[in-house]
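First chain written, first letter: the chains are A, B and C, and each begins at residue 1.
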Amino acid sequence: MKQWKTILAAAALALASGTAAMAARTDLVLGMPLEPPHLDPTAGAAAAIDEVFYANVFEGLTRIGSRGEVLPDLAESWTISDDGKTYTFKLRSGVKFHDGSDFDASDVKFSLDRARGESSVNAQKGLFAPIDTIEVVDPATVKVTLKNPLGSFLYNLGWGDAVIVAPESAETNKEKPVGTGPLKFQNWAKGSSITLVKADGYWGDPVALDKAEFRIIPDAAAAIPALLSGDVQALPNFALGDALAQVKADPRFKVVIGTTEGETVLSTNNKKPPFDNLKVRQAIAHAIDRKALIDGATGGLGTPIGSHFAPHNPAYIDLTGTYPHDIAKAKELLKEAGLADGFKATLKLPPVGYARQGGEIIASQLREIGIDLQIIPVEWADWLKQVFTDKDYDLSIVSHTEPNDIDIYARKDYYFNYDNPAFNKVIDELNLTSDEAKRTELYKQAQKILADDAVNGFLFELPKVGIWDAKVEGLWENSPIQANDLTKVKWAD
Amino acid sequence: MTIYLLKRLLIGIATLIVASLVVFLMLEVVPGDPARLMLGMNTSDAQVDLLREQMGLNQPLILRYLDWIRGLLRLDFGKSYTYSVPVIDLIRERLVVSFPLAVISLTLSTLIAIPVGLFAAARRGKAGDTAAMAVAQVGVAMPNFWFALLLVYVFAVWLRLVPAGGFPGWGNGIWPALKALILPALALALPQAAILARVTRAALIEVLNEDYIRTARAKGMPMRAVLWRHALRNAMIPVLTIMGLQFAFLLAGTIIIENVFYLPGLGRLVFQAIIQRDLIVVESVVMLLVAAVVLVNLIVDLSYALVDPRLRARQ
Amino acid sequence: MNEATPHSEGFGEFVGRAFGNRSFVIGLVIALVVAAMAAISFFWTPFDVTRLVVADRMQPPSAEHWFGTDHFGRDVLSMIMIGARNSIAVALVAVVIGMGIGVPLGCWAAARGGWVDEALMRFNDLVFAFPALLSAIMITAVFGPSAINAIIAIGIFNIPVFARVARAGALSIWPREYILAARAAGKNKSRITVEHILPNIANLLLVQGTIQFALGILAEAALSYVGLGTQPPMPSWGRMLFDAQTLMMVSPWLALFPGCAILITVLGLNLLGDGISDIFDPRSRRRP
């Protein structure tokens, strides 16, 4: 048997196409679960577009670094007027687009005008709404004037939706993206992979990789064998669930658990009886055992949260003790609400592992206090329509991945159907405050109100699970924004 | 003969027309709005409406159906919602994976099944027959996605002979592409081979019971010669019928198998399109598959006539 | 097609022949064991599968959990028992739908002939032109994934199968002398169909029924595997395989047991079908 395996393995080695070269590798295959619908980051909300192209192919005036900091990118430097309304950007010189054309101030004006224009299909049009005028001072200088001062403007310009494109190629970027980054687009085999190659004449430090392939691998079931067989060398952000254990034990791989901005909540329809009753929501909060949930749905990696706020944020306060796991208390509360015998409700789950697996666990936990949940798995299309748009749901599980998004609870008609004037007041004040200490204080108040109101079941902060070959260096550990920045990635010898 | 084939052809066309109606009507009741899905969670209704208009979703049903049919006839299937490229391009890209996959697995299954069927028929009732048919029974009963899973772990993860999934494209050489197709083809072929082997054996035994074969045997003609010269040819009708039916199974089977191996083929295209409500793609691919089935059945009808001169004379 | 056998042999002899048929006996035993497992699961399983004990997850097979536990700490044996119930229910109802609609259609076409017959054949052509699994995936995706929709999707494709078998069987019976005699005696076609045709094609339908039953179990498993069949928390074999496939290296038993459950059940049903077909086939009596 052993001998047989050796022979086969030798044969396999002979068949393998030259991967045994001794010099450090310069190619990398990364697995990602979702395929971008098209390749233009300025014309779609799909995170998968940014995950391939952000910082690699497309660059903005500023960019977000691995720790979430704002860094200069195509803008070398900038000055801000005293009233905080006028930004003057000094652009980098000698920058070329991948099609050979030069980058200058007119491209900046074109890109920002296109993003905020009437017919813009930019998914984050709101980012550009504060802009009043854009003025080309000279080919290397752009002056942007805002309607009102906005502390987060430089950060906003670092989003993938705000990258700079050229007028010549803007319309064809969906199929053949042309940017200014260190890698250029080579090929998109639809349904299979996207390949980038090193761009010549890049203005900054050239990348160590000659070729990077993003391979679409739909689920963990396919990702595990692909990783174990060496087809894929990195899964930068892949929910493997329980299967992670077998990869962790394997010295060939490095497993990095990072943070995300994803607050995973048991979304609750706050206007629909009996969920409009605070006691019922509190009972649910008491019935949830976060530890079991995190173990079962994320392989033990999520961080428990007690409100809608990311634990790594400086303004975070730990409110997980607001309604501790306590079945007796939960039953008591249900009884007070006049529902001693429990009730039936539905739980609509989008097609993501944490929701589908977490949903089964939540249903089992709520059954302990007599709440009988019918699980309804839905595809994203139906989730967006039924839950998010039509608010036709009782409970759902979803991760809210936008950074600093506690203000969604103040939005009119948001799908939680939550409306608390006290909370809205805090958010209004927050929008007008620029003093950091004061803002932190307001954030804390907001968190506390949501926790006390048990608006949603606050479950856990989604972990970012990155797995890559132990010899690969330079991939991001956290995901302050959705990106796979390859600019510093290399193979150790 | 000609009239017979002409009648089959007309039936085939009628089937296609009714099928197109069924497909179109069924997909019009799909819940979910593709425009909203494409734009994501944080977009305004106005933007969604704009896209609906651009995609022609606001037109009356009947116009959309007629437009669609007119397009189908000119091989212009429209534009995919999710990929925003012409569907025909997508199909062309996917066919270079799915078609070779179907051909390889059909070939594999035939190459396995016919010899096994001959072997079992020649040794009818003996140990060899019993063993071969027992294996075939297991093959028929095995869920192919489970078999695929076992293949992946043995040949890709453990032995590392072939990739665990994915497809490098034909541009990087024939051999890597073939290597990526071997396991899926095998997973598809085995259950089909098991069925085909059973049918072949049964058909052969049927023929062997005929008087003229008994006569030939009585005259001292060796079993092997009888099998090859007389029996196999006459047993071809049921075997061909099953192969025709299997082609449809094979096309559908690729949906599951292409998902296991994440091959960028037609099956995965249509599966993802169903999930993403990319109606145009679903409609086009389903129609293409239906057309393929109808065409294969026509070919099977034609080949009946070719292998069986009696049938030709009768018509 | 051959007439039902009791004319030429006694009932005891017939039963004896049945139990002398190896396929029939093995198939029957397997089918009975699976059915018994499913029946028992209604009032007893070793563990409660609706209670998730996450702390006990992924335990290997042991004296307590014979087949181990899954990623939620559920007992795999209990899930397989309930999964059997579920598979049987889906496949059986789909067969009932197929027979309930297909057999009357087939008999009607055979009795009436003419345009009815032609229409039925064209309907068959139409349904057979759709790859069954693809259409089932489409139906369950469009109308929402659930066991009920899986039953309907599988059932629809059973209709033409039974219609075809019933029609072919009935057509071979109609020219018989005793049918002609019955017609001469003034019996109408529907009465003849019920009194003479159906009993004579029952064996064919039974054989086809077991085959479609087995195919139904495979189809349900495939649909559940892609997430469009039976929905959690109800355990199903296909879903168990889906959940297990990421854990092949750590907990291979999770994929092994449900896979074997499907394999053995389908195998048993196919053997049973073969057996029944042999028993009713008079030529099998001629065989040594």
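To be clear about the criterion, a contact is a pair of C-beta atoms (placed from the backbone, for glycine too) under 8 Å apart; a residue touches a chain by one contact, two chains touch by 3 or more.
Note that the structure is predicted; figures quoted are calculated from it, not measured.
Undergrad: Would you kindly say which chain has the C-alpha centre located farthest from the C-alpha centre of chain A?
TA: Centre of mass proxy via C-alpha means gives C as farthest from chain A.
Undergrad: Which chain lies at the heart of the structure, taking centres as C-alpha averages?
TA: Closest chain centre to the overall C-alpha centroid: B.
Undergrad: Could you give the separation in Å between the centres of chain A and chain B, each centre being the mean of its C-alpha atoms?
TA: 39
Undergrad: Between chain A and chain C, what is the separation of their C-alpha centroids in Å?
TA: So the centre of chain A lies 46 Å away from the centre of chain C.
Undergrad: What whole-number Å value describes the gap between the mean CA coordinates of chain B and chain C?
TA: Roughly 23 Å separates the two chain centres.
Undergrad: For chain B, which residues are shared contacts with two or more other chains?
TA: Residues 31, 153, 157, 259, 275 of chain B each touch two or more of the other chains.
Undergrad: Multi-chain contacts only, two chains or more: what residues does chain A have there?
TA: Residue numbers touching two or more other chains: 221, 225, 228, 351, 379.
Undergrad: Check each residue of chain C and list the ones that touch at least two other chains.
TA: Expected reply: 141, 144, 245, 248-249.
Undergrad: In the complex formed with chain C, which residues of chain B make contact?
TA: Answer in residue numbers: 11, 14-16, 18-19, 22, 26-27, 29-31, 125, 137-138, 140-143, 145-146, 149, 153, 157, 245, 248-249, 251-253, 255-256, 259, 270-271, 274-275, 282, 286, 289-290, 293-294, 297.
Undergrad: Please give the residue numbers of chain A that touch chain C in the complex, ascending.
TA: Residues in contact with chain C: 219-221, 224-225, 228, 240-243, 245-246, 292-293, 295-296, 351, 356-357, 359-361, 363-365, 367, 375-377, 379.
Undergrad: Can you check the complex and tell me which residues of chain C touch chain B?
TA: 122, 125-126, 128-135, 137-139, 141-142, 144, 214, 218, 221-222, 225-226, 238, 241, 245, 248-249, 255, 259, 262-267, 270-271, 288
Undergrad: What part of chain C is in contact with chain A in the complex they form?
TA: 50-52, 54-55, 57-58, 71-73, 141, 144-145, 227, 231-233, 242, 245-250
Undergrad: Quick one: in the complex, what on chain A touches chain B?
TA: So the residues of chain A touching chain B come out as 5, 8-9, 11-12, 15-17, 37-38, 44-46, 121, 123-125, 174-175, 189-193, 215-218, 221-222, 225-226, 228-231, 351, 379-382, 384-386, 388-389, 402.
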